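In the two assemblies presented below, subunit A is common to both, partnered first by subunit B and then by subunit C.
Up next, the complex of A and B:
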């Protein structure tokens, strides 16, 4: 029972973590909460649905194309909206992101309707371990492996490449990064791009594990923010740890409280963190 | 449409616009004057609406109720419950950056929705609470809608007066000073947390009362009837179009926005029934694009904040 919940939490947590990495980098670099992040995730999932199910293309191909298109959308939002609002107070930028979120979600609703959709037809038989104590599908194993690969790639990118280091530097201290001659425009562009790819992948994983609905990403926004705050705003490693912690706590919580209140767990952890240590587990300042 | 038909539609329109205007006045106190980021308006609204419904209804086997409270008490209680909620959410967030309050208000709105959806003993779950009493219906009979509009206008007048009075007082000056530069206000010995909390709580009180009026006017509420994000968003548009930190502008913004919102409904209702979901989604897209255009091109709205002389 606990084992199964841990596994479910790990899968769910990986999805939150992948979305959270982009959210926290945007937060750190551009200094605002990107409230449309969840709906970019939904967009990635529906684009994958379009290519895989409606156009019958192979899933790996759809996965890449959906990621690129979601990244392009993120860059477009930055270009036509957030960049133009630069210098205005952060609440204005955040409410414009809420607007963008509603526009994206309703475009999806208009194009694909409110019904549940599935990326894969048919029911997949899970592999059973320990006399039925643990059930896992092949899809879930793949999600876990791919998540580990993605997180490793992000780590290598952030720690080994010049662009990745610049990203972390900017997220850490934007003014200082500018003085040292970092091309901030370029860093901002690639931050949106990478966030788009990661959040789209998270959305597709969620769709593969469960199903698609227009609210899927929006429902993950609060857990993602909770993960970001838990790990410390601007810290991508914090977001990964935070995401896994939130995912696992939400699943384990069902042993003690009604499953329908699962979404409240992320919120409770976040409030607790704000009360105890607002800078997050791995952050420094607020 | 006949003259009387037109007139009764106008009364109906103004009542809804007025209820939204109360929300917008509440948001203006929070965002306009204190710079607070509340995107969980629907949560405060719902608390007010459910408080009023549960208090005023006669006993029902389906949910908590049977207190038969008079409307004036229910309006006050709705405001108070909503204010308490704001107080609780303010404690962990108001000392931090504005984004934390924003994220937390989304969370609280979601939890409120979960509670009203799952706790059937309290609110009859997704089926919602129906036949909420319509105050003074017996007295005014066919003029009931008109009398309700009068009630809404009275509430607006009271909140408008209190807001203006507050904002022109020394209290309001400190509040605006905090919004402009928190550090300066702190340096001059002001308790920033307390002032922010007061603005948050006062704004939430208005939202709660607005929710109560909504419940009484429509007679039916359910967790989904609010379309949470949409409701919150529309109130924000009212504020931004009218002009943040200008109460008069916000009232005008409420009427204009409600006009556009119901206007798009009139257009989309002409579409065949199978397109109803698409039409509803399209309306939200339109109003979303509208907001972005206003944000980009008219940063101060129609009525910018008045500059006060020192």
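Up next, the complex of A and C:
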């Protein structure tokens, strides 16, 4: 039972982590909580639905196109909204992000309707291990493998490439990064781009594992923020660890408390973290 | 002097506003609110239920409107199937649109707070087409709340009996964590255990979660024979069914009214073939259901196999009867008029006979309304006398197979 819960948590946690990486980088570099991030995730999932189910294109192809389109949307949001508000109070920008979230979600609602959708019509029977103690579907295995690949790619990008290092530098200290001559425009562009791809992938994974519904991303926003705060705002590695920690503890918690309180576990962890070490597991300062 | 003029000007504007919202000034239309979910967990039902209310509006207006030729105007607000949003929406209806009567909302979880905080205190008549929780029987509503769907006290008994008669000796229950789920869960447990069955687990779940695997794992831990699921389709129900099958937790199910929709079997027809569920349904009698299906088809296409479209029609019709009888658009008067005018012993009025109803009311007679969902009979607390239907999944469709009368 523990094994199964651990696995469920790992899958859920990877999805939160993928979304959280972008969220934390945006927070670090642009200094505001991007409340439309969850709805970008939803957008990615619905675009994948459009291409795979409605247009009957192969899933890998849809996956890539949906990611690119979501990344483009993220950059569009930055260009027509957040950039215009640059220098304003961060509360203003955050509220405008909530507005953007509502617009995206309602456009999705208008285009695809409120009913549940599935990337696959039927259901897939799981592989059973250890006499029924562990059940895992091929889709879930694929999600786990792809998540590991994505996280590794992000790690390599952030640690080996110049752009990635610039991103981390800006996230650490924007003013200092500007002085050293980092092209901030370029870094901001690629941050949105990468966040868009990652969050879209997270959305598609979630849709593959469960279902599509216009509120899917919004509902995941708070666990993602919890993961970001847990790991330390601005630190992408923290977001990964935080995401996995939140996902796993939510699932494991059901052994001890009623499952309907599962969503509260993320908040309990977040509040505890804010009380004990506000900078997060891997953060430096607030 | 000048400031006094300004003050009077503003005062008169305020008076116009207040009076018009009270319906004192001549109005060309009679406004009735509807608070039906267009989004959220019950969206799949809300949109069709709204069609039901619009159909009633159409019949009434085509046959001369009400109160000497005024048009009935329905104003809908979306509850999003959420209590907080629903309360705000109802408040908007009452305070801004000035309605004295409203239809909705659909889910019990939204209805209870609206009765307690909006319609009850403001003396506004409210008829829900689908809120079925037993809680609403005893809620403090001062007589303003009615429902055209029967209480789950009955559905729980029928579902409990039915599960036992299917040969299930033990069941696990998973129910959506709100008044609807809780009420039905309690009623099922009482009945199933009274018959000698064992409820191995009774688990509340939150709507809109991405995964219910942990809940399902708990529910399946004592190897019960079947899962009795109290849920709505889109905010958890379908996901639970699929994950239960996918992970091998359950193969046998008993469903309730919130799941009576062909969408539950989409893509998994083979797994759900022959499974049963319960749902409140029409009392036998009258030609309401057939007439309604024909009217609906003409206006919107084939009547979907969903519950509560007919009871939504009836809710609007009953409010119109109350307004016509009261002779005024005023909450307390409508409340009393509904009780006065409806009478199982009265003259029969069918759903396409609004003009006849007006004549009867003008003549001071009482009415036996044979509604789209069968004869509409309220008891003293505003609950509908009704019946529970048994439905089955057949080839991916929902088919009504039996009716149990109280």
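FYI, the second predicted complex is superposed on the first by the 286 of 286 C-alpha atoms of A that agree within 3 Å, B and C clash if a C-alpha of one lies under 4 Å from a C-alpha of the other, contacts with A are read in each partner's own complex, and residues count from 1 in each chain.
Definition applied: a residue touches a chain if its C-beta (ideal position, glycine included) is under 8 Å from a C-beta of that chain, and two chains touch if they have at least 3 such contacts.
Just so we're clear, the structure is a prediction, and the values are computed from it rather than from any experiment.
Steric overlap between subunit B and subunit C is present once the structures are superposed on subunit A.
Of the two partner chains placed by the overlay, neither subunit B nor subunit C lies in contact with A:148. Look at A:4: by the touch rule set out above, it reaches subunit C but stays clear of subunit B.
Contacts of A:156 after superposition on the shared chain: neither subunit B nor subunit C is touched. In the superposition on chain A, A:263 contacts both subunit B and subunit C. In the superposition on chain A, A:176 makes contact with neither subunit B nor subunit C. By the touch criterion defined above, A:99 reaches subunit B but does not reach subunit C. Contacts of A:132 after superposition on the shared chain: subunit C is touched, whereas subunit B is not. Touch criterion met: A:211 reaches subunit C, while subunit B stays clear of it. Applying the stated contact rule after C-alpha superposition, one finds that A:114 touches each of subunit B and subunit C.
Subunit A uses residues 109, 114, 258, 260, 263 to touch subunit B in one structure and subunit C in the other. Note for the complex: subunit B touches subunit A at residues 31, 35, 37, 39, 91-93, 95-100, 102-104, 106-108, 110-111, 114, 117-118, 229-230, 233, 236, 240, 277-278, 281-282, 284-285, 288-289, 291-292, 295-296, 299.
Those residues of subunit A whose C-beta lies close enough to touch subunit C in the complex are 1, 4-5, 8, 12, 109, 114-116, 118, 120-126, 128, 132, 135, 137, 206, 209-211, 213-216, 219-220, 251, 254, 258-260, 262-263. Interface residues of subunit C, counted against subunit A in their complex, comprise 38-40, 43-44, 177, 203-206, 208-215, 217-218, 233-235, 238-239, 242-243, 245-248, 263, 266-268, 271.
On the subunit A side of its complex with subunit B, the touching residues are 32-33, 35, 81, 84-85, 88-92, 94-96, 98-100, 102-103, 106-107, 109-110, 113-114, 218, 221-222, 225, 229, 258, 260-261, 263-264, 266-267, 270-271, 274-275, 278, 286.
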